[in-house]
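Think of it as A, B, C and D in the order they're written, each chain with its own count starting at 1.
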Amino acid sequence: MTELWDGLVQALHLIVTFDDEVVDIAWRSLRVSAASTVLAALICIPLGGLISFRSFRGKRLLINVIQTFYSVPTVCVGLFVFLMLSRAGPLGGLGLLFTPSAMVVGQALLITPIMLGLTISALSSVDKNIRDTTLSLGASERQAIWAIIKEARFAISAAIVLGFGRAISEVGVAMMVGGNIRGFTQILTTAIADEANQGNVELALALGVILLAIALVVTLGVNLVQQRR
Amino acid sequence: MTELWDGLVQALHLIVTFDDEVVDIAWRSLRVSAASTVLAALICIPLGGLISFRSFRGKRLLINVIQTFYSVPTVCVGLFVFLMLSRAGPLGGLGLLFTPSAMVVGQALLITPIMLGLTISALSSVDKNIRDTTLSLGASERQAIWAIIKEARFAISAAIVLGFGRAISEVGVAMMVGGNIRGFTQILTTAIADEANQGNVELALALGVILLAIALVVTLGVNLVQQRR
Amino acid sequence: MSIMQVIDLHQRHGSRETLKGVSFSLEQGEVFGIIGPTGSGKTTLLRLLDQIEVPSSGRVYFEGRDVTGSPRLRSELRRKVGMVLQKPVVFDASVYDNVAFPLRLRRYSRKVVHGKVDTMLNAVGLDGYQRRNARTLSGGETQKVALARALITNPQALLLDEPTANLDPVSLKTIEEFILRFSRENGTTIVIATHEMAQGQRLADRIGVIMEGQLVQIGKPSEIFYAPSDIRVARFVGVENILEGRVTSNREGLVHLDVHGRAVEAIANRHPGDELHLFIRPEDVVLSLSEASTSARNSFSGQIAGLAMSGPLARVHLDCGFPLVALITRQSAEDLGLQVGKQAHVSFKATAVHVIGQ
Amino acid sequence: MSIMQVIDLHQRHGSRETLKGVSFSLEQGEVFGIIGPTGSGKTTLLRLLDQIEVPSSGRVYFEGRDVTGSPRLRSELRRKVGMVLQKPVVFDASVYDNVAFPLRLRRYSRKVVHGKVDTMLNAVGLDGYQRRNARTLSGGETQKVALARALITNPQALLLDEPTANLDPVSLKTIEEFILRFSRENGTTIVIATHEMAQGQRLADRIGVIMEGQLVQIGKPSEIFYAPSDIRVARFVGVENILEGRVTSNREGLVHLDVHGRAVEAIANRHPGDELHLFIRPEDVVLSLSEASTSARNSFSGQIAGLAMSGPLARVHLDCGFPLVALITRQSAEDLGLQVGKQAHVSFKATAVHVIGQ
């Protein structure tokens, strides 16, 4: 027990002294996950707006398919991106495997279904009458979609923050396409697993505390945004 | 591309011929996750019933805390269980680290917050009047809780199935406390990551297809159960 | 014999005081109506009577014993008093299982349950519905299942919260009749909360009027209707003419009042100089074009200030020195050729004027 | 001049046929009421008039041009025709931004928007509410914001779906008056869908009655009220006496009918032998205890079969060989001392009988 306690004290010491390695790993994690979140949001908001606004054959099915993708295991997404970017894969020529870019693409792919699904459900939970009212006041389709997105602004923000939370917490994709290369692709989740196994308990604990804190802030952020409604 | 295609063909061959290693890993995954799901459900249903039924100071806060735990990263849970069970930890004497039992406990810990939270929200979404009606008809607290659980039976089943889906898809806990020991603690997610990195693409693909299929069945199961309402 | 008394009940919900010092007693076998506007505290009062809620202060006596504060007595009360909520909910189970629920809670044998449930379903006219899922029923049928479920244990009192609020007229009639019959046959005390004065008049032996959490008047339906005890009750039961006046003389119970300079006669025992409120129901005001000789003590001429048709009725606003509304049939209005601006004569009997102190 | 015509509109929603062949035209500046029971297709009709929905078949003409099928003309129509939904929604933004919304869509300059919005808010009595979030308003205020928002572009027609369904009587009156004034001052055509006959009577120049998706009668409010064209309309406008009879003679427009063996006279031009429906409004039936000599052509004696008080009125069910309902004041009922089982005399004028073919 005392060993664990000492480990925790040393871990906190690493954090408060801004230990180079700790800061480096945490900062990389934030950048990679933020980039993948922005990438996913740029796809999800306009696409979600269109899917939600228009009525078309198979819409219900499409939304079901998107929701099914929520639960694709991270290692399956990781395996898919790994194979695409591997030397034998169709995008192997780009030489992206085991780079931060590969992790950004992989995480964006991982969080796109849930962000898109939550955006669509945020937009559909806007009173149907807002759509009709907007049209009856003379809006074009584009203007109407924009008005509906504005009505759902809090729920959509929550979807984006939640996507970020998923990206920064996941380990499967980062491990498989990032390769956990120290100083280059090692991020919080992969480093924690690695350092603990190698017996660097204090480093693993320091990184664990930071990751937990980020996850907590994200959750509180989502709650805060949702409660503004 | 042809290499990938060949890999996929070989992977399907491994699946349809019931390759010993594939069957072994998949079967172990199912057993471990099923055990952790049962363990979590035995805690969550009665506890959720009590929390939902009673009014007490700090109830809202407690539910918020439970919901905050939804998003604890898997590696953080893994790290916690790892430290508890490690030789230096308080439960080190049990010698459970790097055994399937450790994985069961870890996964149960991982899915308890979401299963508990969803159970509570399933019970609270039962019409408040069911509670009052049950009491006014002369039920005791125990009888009333049971009646409410019966009303929410589909949503609670969905929460349990969803917990199972989370357990079988996660990689962080299994990797950290199972140790990925071939033939003993290696499960689908850890094996996929490992085999891909070692270049055994066809084995990784075979396991990936099986994991994806399980995740799909779970999702469809949740949807089916939810649509019965 | 009184089976339940409540004494000085107060209830707070957050910062809102829903009930403020309600006291009354319920007699064995009576039908007691609780009427009042939406949000006046009727539902809270019923919940306190059934002890689903605990009052912030005050006492509830059941069969002579104070149940407040004793979990055992409260649960015993709930077992003997039935309640049907405003929007009754049924369990997501068969009609049979719904109605059997209270019996199973009390661990009756399967055979007894079977017999009782079948008899009850027959009585409410739901024979043959046994296996239907109760959630698939119509509003009227759901209400019947809820009633059957509340009555299957033959409770001593039944509390009904707006029992017919969402029903069509036919179901409403069926259910009102069933409730009255059950009460008569089994001696069950019935408490009906309703925001509809008309329903209270149809069903209740006694009525309590609740306004903003206070029980402001208790009495027979006709007393409430013709002799409201204050202005809020008067407005609620449809008295549209509320005037202020001062007593000028009192001759053996016939008082003369000065109302905006006009003399009005009323039956009341008040002293000269008393400031009073006068209530006159608009349907008690008779309208004619020429001054007719009638036995009505009060007769005024005035100008028609407004005329509004609503269905078969016409509401005529007059200015006779004081404002007065008369409610007459549309046909009479047309026969008399009433028009805004025209002169008309109004009369009303001294007995049609109900007075209270200001 | 007619600004809009619809021709043979049909609409399916899934397997349900909501509208079945509706045709009519809307005149410039008129107030047109669409009345009918809940679920009869009023809302769908308004949505088709505003082209928020596309009909499954039929044509909508606006300003003489067929807009159905042309996205450009449909969107032009929506820009010129305003609509306020049954439960109006406001954007989660300030009152100012809500009312400014349609102007901003049309890219008006900031200054013009400012002027128009302030004038409009002043007109609807919401001055000073500019910065309030519209979601925090009461029902009546929300309705005003929705009206202001629909009217700010000065549309040629305004479609209102149950505009006062959820309002208290005071807000209802304010809003009804504002709508009528705006229409008169700006020559705006108004279409009001309502399930309340009384509101149609108060506001509309012409009324169309819609029943189960069909437009069954169009006419002035008084025509609909006194001369319904079929049994469903008759029931809807409150005709309680619907009898069947056969013409026995016709003398210069005064027909004699055989109704269950009794002779009834009516004003109509029908041939002997015709099978007819007779409509008699219950308030047109006069009740007395002895056979009074009146000018009413129809006089019968009968037995009182039922007596129901509702508020200031009494509904008397009589058996005079055929069933007849009379609506009289509660006071008359009490003065006459009516009781179930007693004999009474009824009379009604030949002009009070409206007949249609069976």
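The criterion applied here is as follows: a contact is a pair of C-beta atoms (placed from the backbone, for glycine too) under 8 Å apart; a residue touches a chain by one contact, two chains touch by 3 or more.
Everything numeric here is computed off the predicted structure, so don't read it as measured data.
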Check: Among all the other chains, which ones are in touch with both chain A and chain D?
Finding: none
Next item on the list: Would you mind checking which chain's C-alpha centre is most distant from the centre of chain C?
Entry: A
Next item on the list: Would you mind pulling out the distance in Å between where the CA atoms of chain B average out and where those of chain D do?
Entry: 59
Next item on the list: Would you mind pulling out the distance in Å between where the CA atoms of chain B average out and where those of chain C do?
Entry: 55
Checklist line | Centroid distance [mean C-alpha coordinates] between chain B and chain A, Å | finding: 21
Next item on the list: Could you check chain B for residues that touch two or more other chains and list them?
Entry: none
Notebook entry, point to check: Can you list the residues of chain D that touch 2 or more other chains?
Noted result: none
Next item on the list: Answer with line, ring, star, complete or other to describe the graph linking chains that touch.
Entry: ring
Item checked: Chains grouped in pairs wherever the two touch, ordered by label -> A-B, A-D, B-C, C-D
Margin query: Show me the residue ranges of chain D that touch chain A in the complex, using the header's touch definition.
Written below: 47, 50, 52, 75, 78-79, 81-83, 85, 87-89, 91-93, 101-102, 105-106, 146, 149-150, 153
Item checked: Touching residues (chain side chain D, partner chain C) in the complex -> 197-198, 201, 238, 281-284, 309-313, 327-331
Check: Can you list the chain A residues touching chain D in their complex?
Finding: 127, 129-130, 132-133, 135-140, 143, 147, 150-151
Checklist line | chain A residues touching chain B - in the complex, by the definition given at the top | finding: 1, 3-4, 7, 64, 67-68, 70-76, 78-79, 82-83, 88-90, 165, 168-172, 175-176, 179, 188-189, 192-193, 196-197, 201, 204-205, 208, 211-212, 215-216, 218-220, 223
